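Below is one structure; the comments refer to it alone.
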């Protein structure tokens, strides 16, 4: 960590900063420049990062040198992590092709959709039983009944299943019926939920928050890893921006960015990122070429009757067409699913 | 609601849309333009808003006419709502001057700070017992011990107290010790938390999410109101932006914007919005002149030793100086506290 | 266009709006709903769009139905436009592989770089002679001397050349020496420059502004097309966002988004979008899979000595590696270059 | 400047960096930490800032210590600059109250508006003769005829006048007729325009670009100051954001932020920032309480017939009401106009 002092800093102020560094068991290295005095701090930066050094009189800037996450970092683990979702591998060249409706609406319709996406190549089935809805007047999900249906349909089609958990009290229930927890964008910084999911050992799909930087997402990953659960897959799903013709802005560069900073797999969800079926296929293909470890797409056989997010769902036929192209691209990228 | 059909829409597609509208018990009003056919839907738009009309073949755009929130809207209640926090009125010309440290760190230090801010004119004491921290390695709050201290110190200085609740399971505990729940920015769309806080009758301070529009905030308010709790105060605390010299971007126009759309009081938190003590006083003054119903400022008597967010805290002396100016501005604005 | 009237609108106010519509030679279609009265306007919306209808008392909202651009729209031209840059085709399955240094720094170095990129597969050579620099103290470009070198080196390697024009007075000079004008992000709404470039017939590369929506970019394209120059290629190069680990945020979805709205070719510039050599290759590949009509990459044989934007340049070797993968992806996408 | 080296940096790489620093006539100060080696560079950082050090192998981060602007900085000039616009002082406690229509539309209407705003307390008259319009089909301004009218009307009401200049070739014309150049948001980084306006000695109103940080704005100011024109007033007018209920997001904290970083006056334009007459009064008042050196408001006596931006104009009566409140607030802030 580097501490830059103000132009007009006094000697007692400098001494006070040096004392604080010593108190923490670290060494200081003073360097007098032409315009500023700077202090390099030598030792475990992690001790220093939570300290309010910026608040000390005479301090102008505090510049951290190390990243604030550890277990999630590429330095901690040089090799790509491979996460098991049921029997499906994700990461290290293996792609998660997650598909299904936004919400579980009933046994028959889910069965029909699952049949379609499985045939097209999907290897994980999704469906929401607890739905975070902007409006209190919208459909809020089928709850446990939905989870049972998801489990049955997943088993019938031999696909592991993933569903969102919104509240720590739902963890035991969701854990019982599914193969992977989904942590939604709105809960990326719901720290109690992160910690308690970290205490399970089930696979987790952590979605990037709408206003989270890539580093914020890795800090949330760190919460889960720090509790002992290493089975973590990240998901880019778009961030808020001024562009008003798409629901969010898909930050495609997050894929190679995360791969440089972390050993964790990262997939892309073009459905929530764009909110537009006409853009999803191109963005799914681009994700594969960007190096993503999978693609998450919402599929519904009758979008106009879907109880949630119908307007952004692909039809089974459209999904099959995208998957055909993804297969060819994955080959070029030396990936399998 | 207005449905705009595609340029090349077919008659069967038009008929299908008209059928869906009739199914919902509403009337359609067809209007053939030169370039587009549009359908005006007459009846309760609320029935239509959750429907995935956008997904119907032949539909180009769906344009809602009504706002998606009701109980929170100015149309629902023309008069400004006045919320009681303990004995302190907020709204309708009465200002909430909330002050205190970011986190409760101990009895003595909180007592000292409370003495200072009370003297300067603050009328509600704040302090966090459960802290949402970006890093799992940072101080996470004192929990129930902190709540007890907050209650005692508040009582001693005759100030109602407000503290953050992060998890629905903390509601009974927080309800017991405090006068106002704070719902943090990261939890603005934690819908279970919103609902369960809506089931209490205690005052709530709902902070705007970092990527929430003003309408998103009002939709979250609607969750609380819909459960029957009308004691709601909103809080602008900055949103994420590309500007990198402040922590967030304070959207000052949210104050008159909310006042036009809603009857609920809205206060401003310049501490979290800017993250910079040198900018907080000017932003606190501006908030008052913008018409805010209060100002929320973090104060610490030794910011460099604060366990949380020290670098953004004002010193008691700085707080007293701001309050002196706020008093003069409030007079011009015909507000009291 | 649809005009939504306020809940409490009076009859004289309604009549006044109807009068304004008649004055403009258009027909009005009144529709009385339960909560709002709306007016559909029938006729050429273009006459109405510039009118300040929103300012008429009693008007709540004005909802345009048509897009504000015409010549740039897909409705105007169903077929993909193919632009000729020298002898190189761009659009309709033909990709522009633009490469070269940020700034022209001298004959020898440009010749060396051109040799490398040509060999790797680039078909258009880039290099800046007039440089828009954030700081007045940075290198501002070689001017006409640079243009001469660019022409010579382009001719030697049989590559058409593109360079930025920043000021209308530079148009004749740049027109003389190059095959394609580049309009930089900072000048996307420099309307005099757009108009005067529209009066030439040379190919134009129009870069998206840092805070421009996709529709804003198409409105700027409309300026050029309206003056009679149809030889226009658009370029996505990232927009401003809160993500602080990349220079800008590459909005990859702009590629299919533009392809739906317009007949114009669109390429991607991952160099300026990310500002990071470690992310450029993945983003270049993703662009091809997203359906882009080309990729623009900055290449320098000695980035650490580059006079402009060195830290974001790829080395020739890195460029060759990306191009090998792009070739394989382009085949899957049925594109050639 | 501080250079942080990669964890696995080699000795030859370190030596190479040290050589580059020596070549530039600066001294290096090596500091070996536990996890990273860092190099502090001592000497004139301005020499180093334009260098592509980030591109040198082995370099992980380059952290500048000094700000990239000088003449615009508070360190360069401790005292607030006071700019003369005609005989009106701006800065150092003197406020610019700029008002008038968006575009000059004719002699009579401008005269009428000028009479109203002068009476309400405005001290500078505005009106556009060259209009930057998003659409090529919108009114583009009256040009020189408009400038003549502006001059005449300004003289009649004894108000200095300000108008936008969009192209360097308009400078002599605009200089002849007006007292202050306005540089619009879209031209904040039109560097040729900045330089040539810097070569005049007339007052300049530089508006913040829609995606410019506060530091970007100060870098543009530096361009003008570096050419020798010190008569510069900055203007906050909102930036692009995801909030869709206002035209832009007014970054009110830019006012105290600029005041800390620079000696230049800064005013606020709530008209363009919000685009909504219902929000302009509150934002104008807030600007004064934030410490702004003036307020810029568009006023039109018949907004529904305005040729440009009518929907955001205040009526003369509304303007007079705001000005009454501003007067009272200015007194509290110890400012005059």
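Per-chain residue numbering starts at 1, and chain names A, B, C and D are given in the order in which the chains are listed.
Here, a contact is a pair of C-beta atoms (placed from the backbone, for glycine too) under 8 Å apart; a residue touches a chain by one contact, two chains touch by 3 or more.
Since the model is a prediction, treat every value here as computed from it, not as a measurement.
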Check your understanding: Based on CA centres, what chain would you say lies at the far end from chain B?
Key -> C
Revision key, fill the gap. A student comparing A-B to B-C should find more C-beta pairs in contact for A-B
Check your understanding: So, what's the distance in Å between the C-alpha centres of chain C and chain B?
Key -> 38
Check your understanding: Using mean CA coordinates as chain centres, what's the chain A-chain B distance in Å?
Key -> 26
Exercise for review: For chain C, write out the residues touching at least two other chains, lowest number first.
Suggested key: 211, 239-242, 244
**Study point:** Contact footprint of chain C on chain B as seen in their complex
**Key:** 2, 4, 7, 29, 31-36, 38, 40-45, 61, 63, 65-66, 75, 240-242, 244
Check your understanding: In the complex of these two chains, what residues of chain C are touching chain D?
Key -> 20, 46, 49-50, 52-57, 68, 132-139, 166-169, 186-187, 189-192, 195, 209-211, 216, 219, 222-223, 226, 239-240, 303-306, 309-311, 313
Check your understanding: What part of chain B is in contact with chain D in the complex they form?
Key -> 211, 213-215, 239, 241-246, 249-253, 255-257, 260, 273-274, 278-279, 281-283, 285-291, 325, 328-329, 332-333
